[in-house]
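Here's a structure for you.
Chain IDs A, B and C follow the sequence of writing; residue 1 opens each chain.
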Amino acid sequence: MAMPKEKRNGTLINFAAVMLGFVLLYLLKTSGLISNYYQGIIIQCFFTIIMVASLNIATGYLGQLALGHAGFMAIGAYTSALVVKALTNADILNGGTDLEKIILLVIGIACGATLAAIIGALVGIPALRLRGDYLAIITLGFGEIIRVVIQNLKFAGGKGLAAGQAGQALIGIKILNNVYFIYFIMAASIAILFCFVRSKSGRAIVAIREDDIASEASGVNNTHYKVMAFTIAAFFAGVAGAIFAHRGTGTIQPADFTFMKSTEYVIMVVIGGMSSLTGSVIAAVALSIIPEILRAFSEYRMLVYSVLLIIMMIFRPIGLCGRYEFSLRQFLIDLPQNIKNLPRNLQRFWLSCLQSAKDFPGRVKSFFSKDKGRDDGDNDETEAVV
Amino acid sequence: MLFITQVINGLRAGSIYALIALGYTMVYGIIRLINFAHGDFIMVGGYTLVFTIPVMVSLGMPPWTAAILAVVVCATVGILVEKLAYNPVRARGNNMSALITAIAMSLFLENLAQILFGANPRTVKTLFTFPKILGFDGTTILTIIIGLAVMFALQMFVMNTKMGQSMRAVSENKSASVLMGINVNRTITVTFAIGSGLAAIAAMMYCAQYNSVTIMMGYMLGLKAFVAAVLGGIGIIPGAMMGGIVIGLVESLSKAYIGPLTGGLVTSAFSDAVVFAILIIVLLVKPEGILGKNQGEKV
Amino acid sequence: MSKEAILSVRNLGISFGGLKAVTNFNLDLYEGELVGLIGPNGAGKTTVFNLLTGVYIPTEGSIHLNGISINGKKTHQVVAAGAARTFQNIRLFKTLTVLENVKIAFTKDIKYTLFDTLFRTGRFWREEAEITAKSMELLKLFNLQDKAEAIATNLPYGQQRKLEIARALATDMKVLLLDEPAAGMNPVETAELLECINLIRQKFNVSILLIEHDMSLVMKICERILVIDYGETIASGLPHEIANNPKVIAAYLGG
């Protein structure tokens, strides 16, 4: 059976949008509007998008707080860097032409992502047996272990491979930062993740998050799907890592992949919306660009993030986009009607803002006078009459 | 002689870890939350000492009285964190949002401290000047004694007072405690206050030894203490004490002997990784810890 | 009608520490039968369900489903073997839609692979359409088809219960274990539930093991009844026999 008509139209529209983005990128680059510096930021947006979207699979859709995502990025980065080094050292591929550069990057990404996925599965199988809090800690632990191990590997430091020295930044990494190609990798990654989520696997994963006892009782093999989600998340972290390694500075070091980095990605997932790839893209872009614009305030960045996070957890725990997924096709279909209704909707929106402002003092009051000793019971435990 | 010194050092580190682990375990026992920010309470205590010791000295008091202020400050911070962040999230969200809030709170405290005090380490004036006892460093022995005394006092409190009883009750069964007329929110607040106060005492013991504080001092201390709490059985007070001592001894002995033992293959820098490895092994083999009982979910 | 029991349980038991929660539980469930499992609170009925569905591992005894031993298998394997259950406190996927709740139960029967998912092959679209169609059919059976896009947690209680049963049916099971389906229902909802169960028996020829406290429902609908008290089976037989059994009466009234 072929793709249903509305899906086909949606796919065509999305494909057109991606091509439009490519054209935009091309124009920006060839007109000289974006310097190397801005190109670097754009590439940062791209691999951040992949990191956040992939982490969303494990943390948003599956509902398991994974605090070691940067570790898988590190595996992707170092594997890709070293494989490309080996190929260029052995003169198999030199990266002289643009095409060779792309081929090298593809090989690097493939190797990096594959190894990251394998390690992801190896970590996931034991870790996913544990409950939420413990899983978070153990993924943190594995992330740190990966980093410390890399730090002590002789071939992963200095000039790398045979000429390597442990404990140093890896230098002389081939620069493979064709921004167009990376753009398509990013678009393809998002498309693949979207396809994964809208399938039996995606449904199973969400079911496990909602109620893992009910999901198992509905025939879902929990362990199988949990490990699958984790592995896929790790795979794409590897892709992002490979892109990161070759982005342009020519060097990476273990300190690029700390627990702090993992936490930043978690923050982006949470703010964007757990279970919304749209939200992940938006958060990744916003939180890559805004710090660059507000460089002067970089001291306060994490402080602001942490306060923002706490406020979100209190008032909007599912994140800004929640579970909403933007559909370009639907947007275009609704567009004529929305334009017609725009004045009315604006008016309604303004009135609701006024109302919220009026309500605000009351809400603050009720927030602080809540629950003197009242208990709402535990969320996790289910008592049964045996 | 060297061995005994390592053991004494291990006991000192262990008592520090035990006090911190108690904070983790008490909070986890009562609200099933791993308070990621607990390590940062230590940092708060440490920085408080930086400022309060000179104040106390100028008032003519012995430096260690500054610790009392540190305890008060830490307890206050703990209570504020609970009331302003953890409580609202717990009322509205699920386990994951509570955990994320704890992580956010940890980031908040660390970054706030960085902005206020800068990233460089600060020196802490000497807390104690103690003569050597039996040839061992006086401060070390004193630290061990303080640690043991505090643990003993806590055990007495939890076992023999009404509030202590409430804490145990809420840990066992929150809903039933409400029905028994226990003010759960107040009990939780007290638990946080005590846990953070213990962190302040741990900070004092740490500063007595190392005379310096940094923003991230809570991170490693907290993490190792957390492993200790899990090792002993998270939520179980004697478990935290036992776990703390064990981790302290393991760390001290492995730092001293692991190099020679493995012929230089594994250096002492790996002692951090050893602690992580212990955590992973415990979580995979017996997640409820040495003294813990497995509590599966009733279907 | 085959004389082989679909579900054959011998000497099933489990001890928690020193406490014998269930001992010497025996049952032969035949095709199309509806057997009731009753007993006072805390008697061990849900424990039996948990044992049968792989939530607990029995410390003694054997369980055979369609001739295959399912003793010690994990829950999802038991479901694949043909036994599904509902829960005393309804366990729906709260934030998912009604339709999605049912679709999830088809996961194990979907044949397309990760490759099909990622490349959106014809097989993917075909099976997805099949699943949607089959799910809607089940919903229609329970009169829930209009609520297909509603969020599960917004349904009234009685309909939530029906949805849970629909989801269990979607696993294509031979044996359905219903744990107090009438709990918390008023007489109207209970009557609807009764109709529901009868409909299921007609359409699907499943064997049903039913835990219930609502005696009127039990007496009306069960062909046979087992009575458990303190983990032991104290009586077993036809409804009217059970109703007049002094041991049963004593157990309920506290003898």
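FYI, a residue touches a chain if its C-beta (ideal position, glycine included) is under 8 Å from a C-beta of that chain, and two chains touch if they have at least 3 such contacts.
Bear in mind the structure is a predicted one, so any value in this text is a computation, not a measurement.
Engineer: Figure out the least number of contact steps between subunit A and subunit C, where 1 means they touch directly.
Structural biologist: 1
Engineer: Taking each chain's centre as the average of its Cα atoms, which chain lies closest to the overall Cα centroid?
Structural biologist: If we average C-alpha coordinates per chain, A lands closest to the whole-structure average.
Engineer: Comparing centres built from CA atoms, which chain ends up most distant from subunit C?
Structural biologist: B
Engineer: In whole angstrom, what separates the CA-based centres of subunit A and subunit C?
Structural biologist: Whole-Å distance between the two chain centres: 40.
Engineer: Suppose each chain is reduced to the average of its Cα coordinates; what separation in Å results between subunit A and subunit B?
Structural biologist: Here the centre of subunit B sits 33 Å away from the centre of subunit A.
Engineer: Could you state the distance in Å from the CA-based centre of subunit B to that of subunit C?
Structural biologist: Averaging C-alpha atoms per chain gives centres 48 Å apart.
Engineer: Where in subunit B do residues touch at least two different other chains?
Structural biologist: Expected reply: 299.
Engineer: Residues of subunit A that contact two or more other chains, please.
Structural biologist: 213, 382, 384, 386
Engineer: Do you know which subunit C residues sit against two or more other chains?
Structural biologist: 46, 55, 87
Engineer: Hey, which residues of subunit B end up touching subunit A in the complex?
Structural biologist: Touching subunit A: residues 32-34, 85, 87-89, 91-101, 103-105, 107-108, 110-112, 114-115, 174-175, 177-178, 183-186, 226, 230, 270, 272-273, 276-277, 279-280, 283-284, 287, 297-299 of subunit B.
Engineer: Which residues of subunit A touch subunit C in their complex?
Structural biologist: Interface residues on the subunit A side: 1-4, 7, 192, 195-196, 199-201, 203-204, 206-207, 210-211, 213-222, 228, 323, 382, 384-386.
Engineer: In their complex, what parts of subunit A are in touch with subunit B?
Structural biologist: It is residues 63, 65, 67, 126, 129-130, 132-134, 136-138, 141-142, 144-145, 148, 213, 263, 266-267, 270, 299-300, 302-303, 305-307, 309-310, 313-315, 317, 367, 370-384, 386 of subunit A that touch subunit B.
Engineer: Touching residues of subunit C toward subunit A in the complex: what are they?
Structural biologist: 21, 41-47, 53, 55, 74-76, 79-80, 84-85, 87-89, 91-96, 100, 103-110, 112, 114, 117-118, 120, 122, 124-126, 128-129, 131, 167-168, 170-171
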